[in-house]
Amino acid sequence: MTTAAALATGLPFLAAVLGLAFGRRFPAAARALATLPLAASVLLTWAVAVRHDSGGVTEHGTELTPTGALDITLSMRVDGLSAIVAALVATVALLVQVYSAAYMRKDPRYSSYAALISLFSAAMLLVVYTGDLIVLLVGWEVMGVCSYFLIGHYWETEVARAAAVKAFLVTKLGDVPFLIGVLVLGVGAGSFRIGAIVDGVPPGGAGWATAGTLLMLGGVAGKSAQVPLQTWLPDAMTGPTPVSALIHAATMVAAGAYVVARLYPVFLASDATLVVLAVMAALTMVSSALFAFAQDDLKRVLAWSTVSQLAYMTGGLAAGGRDAAVFHLLTHGAFKALLFLAAGVVIHLAGTGRISDMGGLRRREPLVFWTMTAGLGALVGVPPLSGFFSKEAVLGAAEHTAIDGGAGAPPAVTGWLVIVAGVLTAGLTAAYATRLWLRVFFGEARKPAPEPHGPTPVLMLWPLAVLTVPTVLLGVIGLNESWLPAWLGDADGRAYGSADAANGLLLQAPAYYDLAPRLGTSLAAVALLALGAGAVYALWRRDPAADPARVLGRLRGPAERGFDVDRLYDAVVVRPVWLAARATRFVDRVVIDGYVHAAAQGTWLAGGGVRRSQNGNVQVYLAGVLAGFVVLAVTVAVRA
Amino acid sequence: MNPVPPTGGSVLAAAHGPLSLVQDIDWAAIAPPLAVASAALVVLLADLFLSGPRKVWLAWLSLAGLATALGLLLPLRGGGRATFCAPADPATGGPPACSYVVSDLTLVLQLVLIGSAAVVVLLSMPMTAPRPWADESGSDRAVPGGEYHFLLLASVAGAVTLAAARDLVTLVVALETLSLPAFALVGLRRDARGGEAALKYFLLSVAATAVLLFGVSLLYGATGAVHLDRIAAALTTLDPKLDTVAATGAGLVLVGFAFKVAAVPFHFWLPDTYRGAPVPVAAYLSVVSKTAGFAGLLLVAGIGLRPYAHVWGPALAVLAALTMTVGNVVAVRVATGSGDAVRLLAWSSIAQSGYVLVPFGTAAGDGADLADRLPASVAYLAVYAVMNLGAFAVVATVGRDRPTGVVGDYRGLVRVRPWLALAMAFFLLCLAGLPPGLMGLFAKVAVFQSVVAGGTGWLAVVMAVNVVVALYYYLVWTALLFQPPVPGPPPVAGDGEAAGTLGSGGTLRVPAPFAVAIGLAFGLGVVLSVAPQIVLRVLTVPGLLG
Amino acid sequence: MSVVLIVAIVLPLIAGSALIAFPVDDRRARYAGVAVTGAVLGLTVVLAGAFDRDDARTMQFETDRAWASSLGLRFHLGVDGISLPLIVLTALLTFLVAVHSLGKLPDGGSARAYVALVLVLEAGVLGTFAALDLILFFLAFEVVLVPMYFLIARWGTPGERGPAAFKFILYTLLGSALMLLGFLLVQAHTGTFDITELAARGGDGMSRGVQITAFLAIGLGLAVKVPMWPLHTWLPDAHTAAPTGGSVLLAGVLLKMGTYGLVRIAVPALPQGAEEFAPYLGAFGAVGIVYGSLVCLALLRSPDGDLKRIIAYSSVGHMGFALLGIATLTAQGINGALFVNIGHGLITGLLFFLAGAVKERSGTALLGRIGGSLYARAPRLGGLLAFAAVAGLGLPGLAGFWGELLAMYGAYHPADELSRGLFLVLLVAAALGTVLTAAYMLGIVRAVCGGPGLAASGTSETDDVGPMAEGAPLVRVDPLPDVGRVDVVAWAPLVAFTVVLGLWPATLLAVTDPAVRALLGGGA
Amino acid sequence: MHLVYPLVLAVLLFGIGLYGVLARRNAVLVLMSVELMLNAVNVNLVAFDMWLRDTLHAGQALTLFVITIAAAEIGLGLAIVLMIFRNRATSDVSALRDLAEPGAVPRARRRLRTARTRPGSEAA
């Protein structure tokens, strides 16, 4: 099983290396090199998922390297969570590769682009499958650098170059506490292996566990674009759309939530971390939903919506609903990838990315209209679609923690935070989704769309259809306890029988394993949904041309700029660093180097001074000799 | 071979009767200085009979004399031979004190002195012989061969005797025999500069000698003895009243020798004298005269004034630090200012004598552990002789065809005379103490080792800084050797001589004796670099200061 | 096998001096250079092969003969887990520089002299890494100075090469003179110069005061070479002025002699001295990391920001990690320091090769005037520069990461007698330093590689109507000569080793770890 | 008579000689003052010899040597002074400034000098 996982990770890496090395010389082979190895790894991941079914943890590994203290092991740890998420990642990656084969067919740098996508997929699979935190860190940062190169794919334009650097630096800033957290956990548990850390944490929680998990939240915030470090994701939209679909929707950004799920027992044992996570999630949910409502660019709307949906996952994790959060991760991966790919086609059709210039596109490409509608429906949480079930599962878990949280459950405050923010966000999500839906597909085109270069290539449409299936149907797997919860296994990866949840043999209360939507939260969510959608529809009906976001009034400007968090960062972090840099250079050139030159100058002047005493006058020489003799005689006499 | 007291010149039985005036002399011991002195006389006489081109024989004669002296050193290996011994004074009951003792130290110093003198003779051949190497142009105008060689050999005889002297009288006489001919040698060219240099050197040297003698008299008065070992014995049991007198005497004696080795502040004569004197004489002063000065210092401080180590130790430490620093610092200005080659070598030799003084600075207490500190100076002296003579030889060679004598003349020498340039680079890097000049490096490590073991940390740090300052001007010169010629017109020579820089293709002749001298120095340098144990053996010879 | 070690050291020395002494035409001299350095590389590979890995803690291929017994100097050579990787790295980098010299050399002297100096330099460095006698170490340490001086002074950039060369040699000589004083102080109290003996004794025979003074003297001397923060100002000038080959050797190998000296001599032989100065060493190292990256950032924006000067300051930053690793006095810290040595040698060597290539092609190294859009004008060169920059910022999976990780791991869990609070602060500073490093490394890529597309390539309109279409009519640039055949041969090994060491760090750590444990075990 | 008288005499003589060496401009007079210093030494030596009642009479032996040395020095000194006088037509000791470090001689005196030493070319 683990060898299949290792192979699944290795194949795309091999493709990437070959692509980067020989891509330029055999462009034709690039397309095949991009898709075939990834297809093989999809089959492998599905095989691993199926063979694992609801079994326990299987882990094999060899020692990667001695370090002088704790050794680092290269091991594959396959449990329910990693098998399923790996399958999702591989599938979405394959679809994106197929989509971009057509989307980027005229781009001269397609071979390096495809190679980087394969490298990214390999890195993501490594993060998912690995059993050692340090190796996870390696995959973690390789993903970061792939996203840097892919965001900067159009390096001809300044905005792409700036966004790429910003994305990498913000995630790198998040990775600093992440690395220290890994060290804290590793040293605390006596090994870097995830298994050892998960088993090593005492039930009552430990100092090192809390500290380690709190520090790792930095990395989670950075990678999953949560509140303190969320500004890089909307700017990352300057990259090609398939990149946004793969990296900034389904996989990389979900890695943050995945790591928390992977080390869940450690997080469960430290309440402080869960409270902080809950606060972070709540803030992100509401604010980014609001920002999404005020955006004018199609992809930025979807970007902000991704941030808010990710907050759902982290909120679910904070509120004790690990299985619910993973369920939402799966469904979100599917419908958000669908939305982004569809957006790619929409922009292709409309010739521009700005919503205010679009309109009435539903007649131009009916397939896109219906798939996008399904996607938006799932996003909003319209009952039959997958989004509804996963969102309700998260709210259900939060409600259970808030109302009758048991001993092992997270503190109640996390439950309340997640519920309130979740329901509120449901309304806002409905608002911006409906606004998007109406302004793009209904009414008249506000700007004459350019004459398209012929029908949208079938390779771009086919993945949309494929993705619509899980968007619609995936909700079902949450209904029965023996399906998704059983597949995922318990938080520490161990399998469990159907009755174990009931008689309390597992880590958490039975309610957390039941993902079926609860009545109370469902009704509230649907009500808010109807309210939000209705209000926007009414606004739109009054004046189809105008932008429903005008209702925000003065709040519109700051909301569009993400409450000026960027300017805050610029003032607090970037400018002081430049000042410090200039000051340091001044100190280096004048002060430290100054001493060196002063020493040289001193020697020079001393030489000049003494040399002047050699003025050729014998009397002076004699005086010098006898003065020396007097001084010497006196010192000798005194000392004697 | 045979232990003290010598079997040969056995002291007449001191037991019976009054002092017997007839003394038995160990001729083998005093053979080297005798050989050199007789060679001097032979050269003086030969000068009467040889005339015209055959005057070149004078140089060969003096070389032969020096060679025999070297040969005569061989049987004395093993050391420990003494002669001219005063009988044990019945009153004090001390051991017989001898005035002329050939110990290991003496042998090493005599070897260095005679060897260096031979090289100086080689260097002065073109200058002293009318033809075929003589040339009227350039700074080395002809010098009367006969007088030159006589004076040189006389001076060397004085130096060799000084190395073996064990009592103040012999020391003073030997010192004067060394100095007086040197004054004449400096002024032998009878030109304005030579005269001025000779006068300055004479006046300062005489004043210093007067001070030295005054010190000797005070020391004699205080201790009642003239022989160094007796002085040492007397100093340990001196009654306090005479303490200040003895201390002042000691100080004054050290001033005399400090002048001889040109320690700062007694260095003023050196740059002017070297610049005024012909280059071979400058080489002679910088090596033989300085080594003899250090020999005197070693004997007086090491043996005579050993109980007063706590007095002169710190004084010499300060002197050493001053000498190194002043020498290096001014040399830096000379290298980048006027760039005069001989003057630069002069200041460099002042700095080098600073390094030799450093082990003296570590003396403290009653000088018990001096025996394993001072040999570092001896080792450094030997290495210094080789590298300094090499450098002077090259300067003499280049100086003949480039009378301006500026460091700039050496630009691009590697293209005109590759081997000459490589030899010069080797000597300069040896003086700096940097590989590939391993010989210099080992000598400096030996000195560093003695000063660190001696515990005077501050002196070690000062020397470390000085090594760095010194590297600057040695490297400026070495870099010039390998630099491409400066494009554009050669700098206009001051007095219009056709002395363009080397780069402009000025011819550079290397006469045979110069080539031999440089080859000898370079060869010895390489041998000592590869196998330093030959010279460093001195460090671990037991009782070197016996 | 010990003869192989001696031949590996003496062969370049003899070849170098022969080239200096006997005039040979330039072309044959360059090939001779490549041949000799290739032979030395072969010998070191043979040594690595014959090296007994599971006995990496003991000295192998030892030769021990008296040279100047009255000084106490013995010709004592040996190799163990710590010095073997450095020896192979030296041989590799020198071989690549020799291959690089087959291409165009800056004017300033004959290629014969250039190759000769490189060979003598190699002999000096190999001698330093193989020496097991303090004075022999000092001697080899100084053999390197004169050749490096001439490499900078003769083949450097005409404007600033003179003073930069002098600053380099005088500063380093002052350091090594102080180091000699430290060695002699150790010998005065223990009576031996033998490094293995001193390490085995672990400092007994010397009082605490003596150990502290000796460590101060030796530490200062080595710190100048590392370079440690306040003593580093010679490095940027030397690098900016040095020719490409000179910079590669200076950064790739010469800096390692400092950290190697600390690990081999200062820490094991003077444990109480090391314990006393470890916090200062660590603090200066951490300051060096942040300081170096801040100055690089300032250089990015300033008009006289020179690419080679930025890479030089990055070396100050990277070596800061090595110092931090050593200062923790833990096995993983010192392993990290040794890994940084090798990783930095490979990556910065590649960076300087690339900087030299960029300078050759665009005539200047000033960021303002390089003209940018290297991706378009020389795609392969641009790609390599991006790869080297990413490796430089310590991307995991490449050679730069493991050293820094282990150094930080050591800082998180330092030796017991060291104050954990201070080292936690240093850990945070070093970690933030990596962010600053990432900032200026990507700044370089953005300034040099990004930029308007090629004139000839026609409008690369893609279907995606991204920002490209709306951009103003873009300025076009003309192509530059891309990576040549010589360059590929010179750089391919560096890229390959960076990736191999990144993906499989055990190739290095398996060798150094037992030796380091023996060092600390035996030492503490 | 008590030892201190000759000693004081010697020191006085030495002082006078010292002053003569430092103050007088004429070379010959400087030579004379050096002689004074040497004779002071002789007085000292003989005084000590008598005071010590030294059987070896080392003091007096050394006095003889010092006298001969003084004679030799004076002969040589006068020869040198004569040579300078023939070259420069002056025996003023402080006029001899040719060999000074360039730049060390104050501007006023420089014009007096005949051969101007050429300022060296700037080293690299």
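Going by the order they are written in, the chains are A, B, C and D; count residues from 1 in each one.
What we mean here is this: a contact is a pair of C-beta atoms (placed from the backbone, for glycine too) under 8 Å apart; a residue touches a chain by one contact, two chains touch by 3 or more.
Computed from a predicted model, the values in this text were never measured in an experiment.
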Farthest chain relative to chain C (centres taken as mean CA coordinates): D
More contacts between chains, B-D or A-D: B-D
Where chain A and chain D are represented by their mean Cα positions, the distance between them in whole Å: 93
Mean-CA-position distance for chain D and chain B (Å): 23
Rounded Å distance between chain A and chain B, as computed from the means of their C-alpha atoms: 79
Distance between chain centroids, defined by C-alpha means - chain A, chain C (Å): 36
Multi-partner residues of chain B (at least 2 other chains): 199-200, 203, 207, 211, 271-272, 330, 334, 337, 479, 483
Junction residues of chain C, two or more chains touched: 170
Residues of chain D whose C-beta touches two or more other chains: 21, 93, 96, 98-101, 103, 124
Pairwise chain contacts under the document criterion: A-B, A-C, A-D, B-C, B-D
Partner chain A, residues of chain C touching it in the complex: 167, 170-171, 230, 232-234, 291, 294-295, 297-299, 301-302, 330-335, 373, 375-376, 379-380, 383, 386, 390, 395-397, 401-402, 405-406, 408-410, 412-413, 427-428, 431-432, 434-436, 438-439, 442-443, 446, 449-453, 457, 460-468, 471, 474, 504-506, 509-510, 513, 516-517
Parts of chain C lying in touch with chain B, wherever the complex brings them together: 17, 20-21, 23, 66-71, 73, 109, 113, 124, 135, 138-139, 142-143, 145-146, 149-150, 153-154, 166, 169-170, 173-174, 177-178, 180-181, 184-185, 187-188, 213
Complex contact set, residues of chain A against chain C: 24, 63-69, 103-108, 112, 134, 137-138, 140-142, 145, 148-149, 152, 154-157, 159-161, 164-165, 168-169, 172-173, 176, 179-180, 183-184, 186-187, 238, 240-241, 344, 347-348, 351-353, 453, 577-578, 580-582, 584-585, 588, 592-593, 596, 600
Sites on chain A touched by chain B in the complex: 603-604, 606-608, 610-611, 613-614, 616, 618, 620-622, 624-629, 632-633, 635-637, 639-640
Chain B residues within the chain D interface of the complex: 19, 86, 89, 91, 167-169, 172-173, 176, 180, 183-184, 187, 190-193, 195-200, 202-203, 206-207, 209-211, 213-214, 216-218, 220-221, 224-226, 271-272, 275-276, 330, 334-340, 343, 404, 406-408, 476-477, 479-480, 483, 486, 491, 493-495, 501
